[in-house]
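Take a look at these structures.
Look at the two complexes coming up: subunit A is in both, with subunit B in one and subunit C in the other.
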Partner chain A sequence: MTAQRAYRRLWLALLALLVAVGVTYAISFRILGGGSNLDEFVAAMTAVPDYQNVLLVNALVGISVALFIYELRWNAVRVVATVAIALALGYLMTAIFNLDNANRFTRGEFRVAIESDAEPVENDDVELEYGQRRGDEFNRAGVAEPLRQAEYRFEGRAGDEVTVLAYAANRRSLVNLQASLIGPDGETLASATSATEAQLDAYDDLVSERDAVIENVTLPADGIYTISVSPEPLPGDLIVSETLAATNQAYEAFLLGPLGRVNRWAVWIQDALSLILVGLAIVIVFRARQFSLGAEGQIYLGALAAGVVVLNTSALPGILLIPLALLSAMVVGFLWGLVPGALKAYLGANELVATLMLNSVAIRFFDLVLTYQLKPANVGYVVSENFPDHSVLPVIVGGTQVTVAVFLVILAVIAVWLLITRTPLGYEIRMIGANIRFADYGGVNTRRTIMLAMAVSGAIAGLVGAHLSMGIHRMLILNISVGLAFEGVVVALLARNNPLVVPFTGLLYAYLRAGAQFMERDANVSFEVVRIIQAVIILLITAEAFITFFRRRRSPRRDTVLRGQGPEQQMLEVTTPAAEEKASV
Partner chain B sequence: MAFLEAHEIVKVYPNGVVANQGVNLAVERGEIHAIVGENGAGKSTLMKILYGLETPTSGVILLDGRQVTIETPQDAIDLGIGMVHQNFMLVDSFTVADNIALGRENRRFLSVDRQKAIRDTEALSKAYGLYVDPTARIDSVPVGMRQRVEILKALYRGAEILILDEPTAVLTPKETDDLFVAIRRLVDEGKTVIFITHKLREVMEISDRVTVMRDGRNVGSVNTREVTIPELARMMVGREVFMQVNRPPVKRGRAVLEVEGLTYANEAGRTLVNHLTFNVYAHEILGIAGVEGNGQTELVEVLTGLRNATAGDARVNGKSIIGQGPRRVREAGVAHIPEDRLTNGVALDASIEDNLIVDSYYRAPFTRSGLLSLGKIREHGQALIRQFGIVTPSGEVPVGSLSGGNMQKVIVAREFSSSPVLLIAAQPTRGVDIGAIEFIHQQLIDKRTEGLAILLVSADLQEVMKLADRIMVMYNGGCAGIFENTPDLTEHTLGMYMVGAEQQDAAEMERAR
Partner chain C sequence: MFESVVQGIFSAAFLAAMLRVATPILLPSLGALLSDRAGVINIGLEGMMLGSAFTGVIVSAYSLQWLGPETGAALGPWLGLLAGVAVAVLMALLLGFFHLRLKADLILSGIALNILGSAATVAIMYELTGDRGNTSNLRSLVVPFIQLPSFINDIPIVGPFIYGVFNNQSVMTWVAFLSVGVVWYVLYRTPFGMHLRAAGENPAAAESVGIRVVRTRYMALVLSGVFAGLGGIHMSMGYLNLFQRDMTAGRGFIALAVPLLGGNHPIGTGLASLVFGFFDALAIRIGSLQIPSQVPQMIPYIATVMALVIYALQARQTLRVRALRAAEGENFNAPRWRAIQRLSVLHVFLAMIAVIGLIVSANLLAAPNAFGGPDSANPLAAGIGVISIILIAASAPFIARVERTASHALLSAAVSTLSLAVYLGLFLALFFEVGVALAIGAILGAAVWLVLGGRRLIQRDQRLAPATS
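So, the complex of A and B:
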């Protein structure tokens, strides 16, 4: 049995490794320039500055995927399926918001011209005469009663040969026109919905085949003729194909945007670094089943501590200054995490409420110090001075904010994994998470462990703050983290609180965030739509992760073996003294 | 033709577990039919099928010779089948009468006719001799009355057949006796009772016929008069069971645990442990008998460091263990098999290996220079799994996937592996099957013979009398008497002390201490 399991593990590891190599190659190929064969790829790649480090980071992404597969096994399929369903729903949403995409063919400025070799008839009551043109705009956006159909009259004589042109007035207008010529008796003489290639060549005004041309009609009688112009009605299949085309374009930007160029890739990676660190911080407290959301406040105080150290001791060389700043951010995070830990351990204060309140305190304190102490007097908005160059985290990929934080994250993942699986403290955290009364009974000092778990989590969250201020913004700004801690919760839950899976889920989540950003930018999908799609995805992911979380929490009740003891225990707790006396008599 | 018949019932759960594989059951009208079997034998599944909580994968149910389909509990109720669940299904904040009428309320205009509910309850209560107080709130009445309310609830809905699922698990001996009287009365009134249990003594006492189940099949149905407890036990387990343990006489050693004037009052100021003084010696099992809720739980928790004493002292090998916390108490050599293993005896989601080291993870060999040694933890787990015969595919599986008996073995293995000087065992065999009970009893006796001092707390008087060398009876938090467990000590004598009818004087107690 054991041999068989080892065998299965080996296959799994091989599969994971294979996927890792594939992912690394695919990402690198897209970002670093592609090419049709390996030589071209290598040539394109070596032209990118710091391409070795890009490759290194991509290899780390590959390793994250491998760890995800190896650690979660079948659950990995579930995570991927959840994300896929969310993306499919998001696609539907995007499609709904793109349903009017085909409408661009029904709106826009147009011109109507009438041409004839015959002599124009002067008549002040009509709009047109031979050789003239008139125009307007169909279905202008934001107008109460938009123009849907236009009629222009001209006076003609029997035997005149006329040509009617209806065309889009400029390149911006995509209106698809139809036109008809109506005689004085109200009878339609001719109509047209499109222009041929030859006509496009013949008449300079025409723009595309969408324009309409009624060529060489001989007028039957004297009188007032009418040219009726309107946008062509949209066929259903056009609406569908146009909607899908727009949605596909948006989704391409969403799904492949972060893999566009190195600078876009960097947006993804640097966001992922923050998310992975926050995820790790959350994993520690969640493993102890403490629903602590204090990471947000700890991030702010960590950023502040790093900023204060950097700005006040900038005389130190970078090799000392940077570690000092990182360390102080971690210490401040640790201490700020200790506060709700102590409140919970000694006063029984609910950790959720306590941490949320402490977040407010921390964020306001950050704002206060930044506004009144750190903001230079001559700057018009609330920021600190730029951090000196030698104090920011050294960049490893030129032109981006991908910094040595990559290595900090690797260290943090390994450290948290060791902490949880290989140390007595980690054992205590796991046992408290599994059953705190069991831990108590076994002699674990549960108060101390809860406090330490929250504090260690705070130290890592503090590091996130340092990364934001020293690596990404390179100064202190208001709202330096907008709800990063809460995104970290999703990352941790998706990873099923496994520190080795957090890198993957952090990367995945950051990828979705970056993708949404590029979808907004590239595909002209409005910001609100992006937010809705993002919310759907988060909702599904979170729902899936929470189901697992709560199912595990509930599991003791599913055990039927001791069911008889359950209610009795409960009764002992709820029975009033009087009733107990009655019961024992 | 039997009144209720089940033919070849098969139940396969969606996860592939076969709970019943061709069960046959025949219950005659007006009989008390006991169904016995170990945990996991399929008793509960069969009852759930009869009550419509589960639908069988295949098989037929006949009522009065007519084939019936029972898909929901409502179907069962309509057919006159009622069930009293192990964990009561009552609304705590409602009165007894409201609970009985719930869902069948008599309406008066827009409101519920509560007076009628009370009258109905009283009438029903009188008719079947099931005493209840119709106007009392459920959360203020004792467990025994709650159970009677459940029975009345079923009768109020017209039940002809009553299924009682382990009804005595939560009752005191006195309440059990009352219940049995009530069941007899129900049968006299023409009702039929199906009685599920794994306590064979109760089967002998109350039932007319008994069906034994094992591994999802019925091993056989016999008339209770024609069978003995050992025969039933053999049918249940499938092999010979030694119900009697051999307790070799040993001379008791020095006092390992000395308790003096130990008192515990809870936050509300109620004294739950009242001035207890006793010793436990090496080579001895001191059994604590008493109706549950007389301070045994609190005594154990004080002695194991989970609660702090209000007054008095307890010493292990001369060192005080009061107010030290569980870690120090364990380091003084005290092992603890807790009363409710699911509450604090195991962490269900954690692996067996992790569960086996909760008392020692921080020490060598498990922690070396600040890091856990996974190899040592695994070895330790495998050794104990082998030694205690824990049935599991590996030590890495979560404890929650084990059966109750195996879970209890994990606890026993852990507590014995720390080589303690004193073992405090609270309800060590509660809710485990006969095979595991036998094993645990033998382990306790063996360790006691080797020199361990054991404090055994059990609600099962039989168990205490079987295992203990001396027996202390607790009543109302205090000591009602301490007895040598001689053959002439009877259940009846102990019972008088357990209900507070008798009390030893101080001199007698001091002698027996």
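So, the complex of A and C:
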């Protein structure tokens, strides 16, 4: 039995390793320049500065993938499926946002021209005469009553042969036109919706076959003729195909954007470093079943502490200054985590509300100190001075903000893993997470443990703040973190609160965030789409019964409530402490 | 500077502002109360408020475009209100579906809904207006403001004051305060309210007597969604006339703490939301002075944490008193314990005000330049800090063990008197000499202590003394 299990484990490890090598190679191949054979690839790769370190980071990405597979086994499939469902929903949403994409064929500037070899008739009451052109713009954006149809009149004589052109005024205008010529008696003489290749060659004004040409009409009588121009109505299949094309383009930017050149890759990696650390911070509190979102405030105060240390003791050499700044950020984060920890542990104050409120207090405090104390007087906007060069985290890939924080993150992952699985505190945290009353009964000092769990989590969140200020921005700015704590929740939940899986889920989620940035830049789809995907992921990953839902529908549901408090809820490693609170109050 | 604050507080305009800013806290608080009493605490209030605030603005703006200026202006606000509340209810149903049907964790689902509300509003706003900050380039409507008949202004003495407070308030403000009564009636005078409370207190027992707990909880979530929706509508179509990203600024979370401060009772919730309205309005008022806006902006959040702490301490003491009552049986002296409990709340409250003092002191120390340079800020910070620490230390023993309030009644009286003398004295120093102000503060402090229950403790001590010896 054990031999069989070890055998299976070996296969799993081999599979994980194989995937890891594949992922490392694929990423490196794409961002370091490709080529059709290995020699070309090596040549392109060695041209990139610091390519060794890029390879190193990619190898770490591969290791994260391997750990993800090895640690979660079948649950890995579930995580991937959840993300895939969320992405599919995001695709649907992006498609809805792009539904108006086909509308570009109904708006834009246009011109109408009438040409004839006959002598023009002078008439000041009409808009056109032979050889002249007039124009306007259809469906201009932001106008109360946009132009939907335009009419131009000209005076003609019986027997004149005229040609009517309706065309887009410039290259930017994609309007698809239709034109008709209406006689003096109101009867439509001719109409057109497109231009042929030959016509495009014959008339220089025409831009594309979307323009309309009414060629060589002989006028039947003297009188005022009317040219009516409007955008062609959109056919349904065009709307669909245009929407899908735009959505596919957006999603391509979303899903492949971070694997562009090294600078795009770096956006992904440096964001992942922050997210992995926040994820670790959240894992610690979630393991103790504390819904603390205090990471946000701790990030701000950690950044502030690091910034104050760096700016005030810049005389120290970097080798002392950087560890000092990191340490002070961790200490401040620890202390700020201790506050809600103590309130929860000793007073039973709801930690979710308390931490959210303390976040607001910490952010106001950060703003206050930055605005009035750290901002140099001669700077127009609210930032601190640039950190001195020797005090920022050393960069390992030139031209990016991928710094030695990579190694800090590795250390942090190992430290949190050791803390949770190999130390008494971690044991107590896990016991509280599994069953707080049993832990209490078994002699665990639950209050102290809860408080310490929230404080240690705060220390890691403080480190995130130091990374943001000393690694990414290299100064203090307002809004240095925008809701990172919530991103951490997704990272921790996807990792099923396993610190060894956090690197993968952090990378995965950072990949989506970076992709969303490129999608916004390249395809003009709001970045917030990724936060909607985030919400969907949280809902799906916590809905344990999601898979069995359809099966359960058929069975009678008499005792749902009782079941809800039974062992099923324990399956989830993170469950509400509300029930316990209710019981203990 | 402080004179203007004080005068401002006692003006009708300030009370009117208080009602206005209490509304978007009171409405979701009633939602939080209902969901909490049903045992399904609705963490998603914030997201629901955002969803409804945004929908209201969009629907009212488009109804203006589609229905024309006249019918649009007349119907738009109500269509916006309906649509906004509908969105909030849908989100509540989603939460209910995921929690009650799919067994998703209630708190995490709530967090997800908040993210959804925050993100979806910004994404759709960007699609519709091209702006990701606010909807200022979209002309939207506000719900009507109720004008009082002008004869109220003519009533002698109180007339102008009442008129000043209640005139020109949004419909939503009236709805909010009337809802307190409605919620009270529903909770305590209807079968549904009884089922709701039962489902919250002991779902298994409720189920066993035939109450359909899941359905009741769905209903509670839907009702909390309605109230969150109304609160959101007030934010964007009453309090302001546009939607800003994340404009609720944590009110949905503050609302979770308000019922706790109000003893989980509708009327208490109404009063507690007025307390928050007071702090909010005060923050706005102080913000117009020469103080950095960040400091007053912290106050509502600190007040929320204080509310959590006071509730937690109260809950614990109630448990102990209940245990004592069970143990002592006939001998249990209920009035005496009520007095002790009231006094312990006083001690907690006094210590909490001192905590605000500590935070202000920390702000002064951290950013002296914001308060007129280190020379004036540092001594002020030190003074406030030391006094705050002394007052906290003095109150701490009575918070740690409530019995000390009785066993050391005179000490408790001294601490309360001292604290109140400081707080009230600082306040009264605006009108009198410092010494006189402190004296009046001390007298008032002693009076408060006696009225809250000290009188009874002293009497009890005197009567018990010979018996125990």
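Operating definition for what follows: the second predicted complex is superposed on the first by the 508 of 585 C-alpha atoms of A that agree within 3 Å, B and C clash if a C-alpha of one lies under 4 Å from a C-alpha of the other, contacts with A are read in each partner's own complex, and residues count from 1 in each chain.
Convention: contacts are C-beta pairs under 8 Å (C-beta built on N, C-alpha and C of every residue); 3 or more make two chains touch, one makes a residue touch a chain.
Since we're looking at a predicted model, the values are computed, not measured.
Residue contacts after overlaying the shared chain place A:57 against neither subunit B nor subunit C. When the two complexes are overlaid on their common chain A, residue A:343 makes contact with subunit C while staying clear of subunit B. When the two structures are aligned on the shared chain, A:427 is found in touch with subunit B, with no touch to subunit C.
Once the two complexes are overlaid on the shared chain, A:368 sits against subunit C while remaining clear of subunit B. In the superposition on chain A, A:358 contacts subunit C only, with no contact to subunit B. When the shared chain is aligned, no partner comes close enough to touch A:492: not subunit B, not subunit C. On subunit A, the surface touched by subunit B in one complex and the surface touched by subunit C in the other have residues 559-562, 564-565, 568-569, 572, 574-576, 578, 582, 585 in common. Interface residues of subunit A, counted against subunit C in their complex, comprise 93, 97, 291, 293, 343, 347-350, 352-354, 356-358, 360-361, 364-365, 367-369, 371-373, 486, 489, 493, 526, 528-529, 531-532, 534-536, 538-539, 542-546, 549, 557, 559-562, 564-565, 568-569, 572, 574-576, 578, 582, 585. Within the complex formed with subunit A, the subunit C residues making contact are 39, 41, 43, 98, 100-109, 111-113, 115-116, 118-120, 122-123, 126-127, 132, 203-204, 207, 213-214, 250, 253-254, 256-257, 260, 292, 294-295, 297-298, 301-302, 304-305, 308-309, 311-313, 315-316, 319, 359, 362-363, 366-370. Residues of subunit A touching subunit B in their complex: 1-2, 418, 421-424, 426-427, 430-431, 433-435, 437-445, 552, 555-556, 559-569, 571-572, 574-580, 582-585. The touching residues of subunit B, counted against subunit A in their complex, run 39, 44, 86-88, 92, 139-144, 166, 169-170, 172, 268, 270, 291-294, 297, 304-306, 325-327, 329-331, 336, 338, 340-350, 354, 357-359, 361-362, 367, 370-372, 374, 393-394, 400, 403-404, 407, 430-431, 476, 499.
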